[in-house]
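Structures given as structure tokens follow.
Both of the next two complexes hold chain A, though its partner changes from chain B to chain C.
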Partner chain A sequence: MSDPNASMAAAAPETVEKETYLGSDLPPAPGDKEKSRSLWSDAWRELKSNKVFIISLVLIVVFLIMTFFPQVFTFGKDPMACDLTKSRQAPSSEAWFGYDNNGCDVYTRTIYGAKASILVGVFATLFTMLLGGFIGVIAGFFGGWVDSILSRLTDIFFAIPLLLGGILVLTSFPASDSTNLYSEVAKVVLALGILGWTSMTRIMRSSVIQVRNADFVVAARALGAKNSRIINKHVVPNSLAPLIVLATISLGGYIGAEATLSFLGLGLQPPVISWGTMINDAQPYIRVAPFMLFFPAFFLSIAVLSFIMLGDAVREALDPKLR
Partner chain B sequence: MGRYTIRRLLQMIPVLIGTTFIIYAMVWALPGDPFSGKCGQRPCPPAYVAEMTAKFNLNDPLPVQYFKYLVNLLQGNFGESFSGRPVWDEIMQAFPVTFRLALIAIIFEIVIGISAGILAALNRGGFWDNLVLISTLIVISIPVFVIGFLAQFTFGIKLGWFPPTVGPNATVYELLLPALVLASLSLAYVARLMRGNLTENLRADYVRTATSKGLSRQRVIGRHAVRNSLIPVVTFIGADFGALLGGAIVTEGIFNIRGIGGLLYLSIRTREGATVVGVVTVLVLVFLLVNLIVDILYGAIDPRIRYE
Partner chain C sequence: MPEPILRVENVVKHYPLTRGIIFKKEIGQVRAVDGVSFDLMPGETLGIVGESGCGKSTLARLVMKLEDPTSGQIWFEGEDMAHLGPKAMRAKRRDIQIVLQDPYTSLNPRMTVGDIVGEPFDIHPSVLPKGDRKRAVQDLLEVVGLNPEHINRYPHQFSGGQRQRIGIARGLALKPKIIVCDEPVSALDVSVQAQVINLFESLQNEFNLTYIFIAHDLSVVRHISDRVGVMYLGKIVEVGDEASIYEHPSHPYTQALLSAVPVPDPVGRDERKRIVLQGDVPSPANPPSGCRFRTRCWKVQDICAEQEPPLVQIGTAGGQYAACHFPQERDILDNDVPTAALDLSEMPQE
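Showing the complex of A and B:
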């Protein structure tokens, strides 16, 4: 799967500084402090009445319950309790999604599979957001040679496709017999995060550049505020919106990327249950037992869909131009 | 314009060196025995290990190793794989297939993506708009490997419209289905991007001016609104062509295409370090060149843009 961040990064106003616009349509000037303060409350009011936002939020809450309390949905069934005599039995009233090759209940495993996928998505997003956001703020705020070095560094990592880098990192890891969910998740998060931060950096940098010379920053500096205070109190709060939108959309992308890596046999490894590993298991039996592939793929797609819809709704609410 | 191009070409050098160094370090310096599984079930004989260690300079510190590799690369020597096959030959054998696949995928993106976007923007809020929005959202949320399996199962096996796998010659007809799968995600982005831009441009002042001048609707949309909306779309498609060449790992795997993606995946799994670094170098170079061409093309589409 190609990287969903690519579209956002391509649309990011990277080109602003290297070309001169002769027309009057300069990039929009940043609003002053008071306006941008009400931007968040405006956005919240807008979101509360947005049907898409409510639907995706409900779906995400359901997935979060699956992540932390899978027992709520599985009526106490154990995902590891398998009965070989039931191998590949079709869906029935007893097992809604049928049985997989080892005779495990596909429904129970699909519910338990949410945990690994959601954890990878959330932590990969947090990791890239913090790292990429930090580098972007430093590059955008200080400009000059700091910006040049950091931007070239970003270019270097940006030129390596996400999936390719993920495969490289995961193959190079020494094989471990660990069946611990969290260490497996950490490995995949690291593999995705090492290359994923670049689009966050680019978007944060360009939005910091737009705010950097705003009147309220100049005023704060004239009052004797230190750089650290200006960044924390003025620049970051006023340039965070595009990063948050990108992060929400990326979360769905990372869940898909984890599934792709697991599908290639590199991401999470079999004792750990995830949608990707379930699809990988089901692949040879697609002609005789398509339900083995269908249900985890369906849950995976719905999870990705809800984060993308949430991101879309947040973007619409935060971008006054689209209202 | 000439100075701009030269400056961009010079800027490419550090990026290319940095990227290949990172890949080189990931391939050769990360923990793991480069000889594991190279000699079947038994450990490799010491003579073989000694010869290969010398051949790939494995005893040198990493920067020295990389420098020696870079010197060879500048002389057009991509090195040899463990089996002694020149890496350049391997790349040249796989590249034409992937290039054809990516080209067909780009044509799908341009034709279907842009027309769907225009159709949606012109019927904003109508049936076609909703159809495009919902279908692109579905395509974006289903991972490519699932789309690939579904397409192979439905059109290749059940309906038999297309061959389910691609033979060694990889004809255009055989590549149609894989190219559509490969293009699907970007196609959806192109359609949405085009729809968004065109919607915004249709409300712009210059469109109102053109209409009030008495120009036909066709001319207002075709010459003014669509042309202005194409700029971000061209950027996206350009960046995507580079990504498609390298990102075809999954699609090439499902449809058994012997292209760059398959070569790369196999080389990573069998730890053929020289092949991995060579393929990635070529891919990154293509990616950077395509981006440069797109930036230069800007000037042709949008006369407001001038190069310093």
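Showing the complex of A and C:
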């Protein structure tokens, strides 16, 4: 788009027969340099000055680097290179977090363990956000019997606790011999997502209901807009904020749930490394080698906390919806 | 005699009142609009006035075909709107547009002003080739008195009056024939109200617009209206040209509404008594029998509860109609209202 300028506007008699027949009572103020500010950019500016947001963002960036470039932190050590003679040796300058039962370096494994946990968290969140958000939009926007059916369905799934559902799904799966990280992650994502979408649906449905009869939707209908346009341009952009907040907070929850399932021996299976499997490995030796438990559990808590803090900060920034 | 551009005949809108969540039971009906008829001539402005909840917005939604009437017909340029298919209706929407009451909720807060005013062209792409749209949007902003360079701003960066202008520009974009204005100035400061009403008037002259102009206060519509209809509980109780309604209203409700309007004439101000209506508007779910105004009328007789007064012509001048068993053309400056039945209070001096 070219830069708007006055001569161009004055040369366009297309839609109106005559320009500026109306003495404008709003003379363009010469010193008027206010820029275009969308609500998203307002929220972003508020976030940038929020300490909690900055801290959680830095932590999350660190975890993301661990996920994709673990070598950065491990100085080229291989998490699978274990030496049984070093079994359960305490932390030292050589191995900061000590050695586990098989003589593997706990520090290296903790770093490598971030990948599975973060991937499960991110994909479970994306999966539930898309599925739940979609069902919520349909139920909230169309209402009537569509809403009745979808809402009852949501209630039924909502009534089953997330972990119980995950356990049910994972135990009824035929135990796979797969040792591939991604197929293992996909399995856990499905187990969590199959129940996790319900809270996303509920929050999306109620925020869509608040927006669907808004005056600007009435105006769009009066212009002849179709439902697809109303949903995409008007309803979804104005009802997304609560879903984004919930998603950020849920991400931490899914990481915790993955650890719980893996700890129970149902989630990710060795040789896949995750904080949950490491905690599982450490369990028999809590008394003799507490460091085996402490470090992965600490990383897990920090990761969960970062996402919850991020969610809180985002909620604060998005909350005053109409400024 | 020219043909009316819009003809509304006996339209009724009842909303079911339901109880229960899964098994809905109908326990009654809200009679939001209950038999309204009028003709709208090309180029005229029909003011619609009434208290909150009397069905003005519902009537506007019916005229816009945003909702279907329970019964009755609406003809637009001789065509029955009920018989239009979805496609034909979409095309018709270009000719009849709406400006809504609340400038804070009627603009999508996540769209730029350029996108808001340009949305009509996205919905009806055949109106303008894509390349011309930005210029058209800037022209529209200029026509409603906004800075055309502000197209990349968002609604929250504007004042209430400016936002209402954005809404007007959007309504104007498709060059409609009729604009339904649903209390377009009620949410604005008094000083801004006059500016916006003046804008509506100049746009009408410029683009040959026909208006239905809704307000809850007779003083707002006087300036702009050619004819005025007064609504009470879903019905039009009096309709007539501007002069007859304001100078010799004949329905007690119109008289009461008018007595609350400040007069510029200082002589009249002293003589005038203010009629303060007793009680609240009854619920439209359970309107009084006979004349709906009878619970608050000071002229009520037995017949008012038994028979519903039809809307009949008043006087000899023609064009004035009222629904009352005892209509009386009354100069609003008279003091012939019996004091016993009324709470009369002096007009406030300023």
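Definition applied: the second predicted complex is superposed on the first by the 282 of 323 C-alpha atoms of A that agree within 3 Å, B and C clash if a C-alpha of one lies under 4 Å from a C-alpha of the other, contacts with A are read in each partner's own complex, and residues count from 1 in each chain.
Note that a contact is a pair of C-beta atoms (placed from the backbone, for glycine too) under 8 Å apart; a residue touches a chain by one contact, two chains touch by 3 or more.
Bear in mind the structure is a predicted one, so any value in this text is a computation, not a measurement.
When the shared chain is aligned, no partner comes close enough to touch A:C82: not chain B, not chain C.
Of the two partner chains, chain C is the only one that A:A214 touches; chain B does not reach it. Touch criterion met: A:G256 reaches chain B, while chain C stays clear of it. In the overlay built on the shared chain, the residue A:I156 is in contact with chain B alone; chain C does not reach it. In the superposition on chain A, A:L181 makes contact with neither chain B nor chain C.
Residue contacts after overlaying the shared chain place A:A222 against chain C, while chain B stays out of touching range. By the touch criterion defined above, A:S301 reaches chain B but does not reach chain C. On chain A, the surface patch touched by chain B in one complex and by chain C in the other comprises residues 1, 4, 6, 15, 18-22, 321. Here chain A touches chain B in the complex through residues 1-4, 6-7, 10-11, 15, 18-23, 152-153, 155-157, 159-161, 163-165, 167-169, 171-174, 252, 256, 259-260, 263-264, 279, 283, 286-287, 290, 293, 297, 300-302, 304-305, 308-309, 321, going by the rule given at the top.
Note for the complex: chain B touches chain A at residues 11, 14-15, 18-19, 22-23, 26-27, 30-32, 137-138, 140-146, 149, 153, 157, 185-186, 189, 193, 200, 232, 235-236, 239-240, 243-244, 246-247, 249-250, 253, 264-265, 268-269, 271, 276, 280, 283-284, 287-288, 295, 298, 304-308.
Considering their complex, residues 1, 4, 6, 8-9, 12-22, 24-26, 28, 32, 34, 36-40, 148, 214-216, 218-225, 229, 233-234, 237-238, 321-323 of chain A touch chain C. Listing the residues of chain C that touch chain A in their complex gives 22, 61, 64, 66, 89-91, 93-94, 97-98, 100-102, 104-112, 119-120, 122-124, 128, 132, 134-136, 138-140, 142-149, 151-154, 156-157, 162, 167, 170, 173-175, 195, 199, 202, 206-207.
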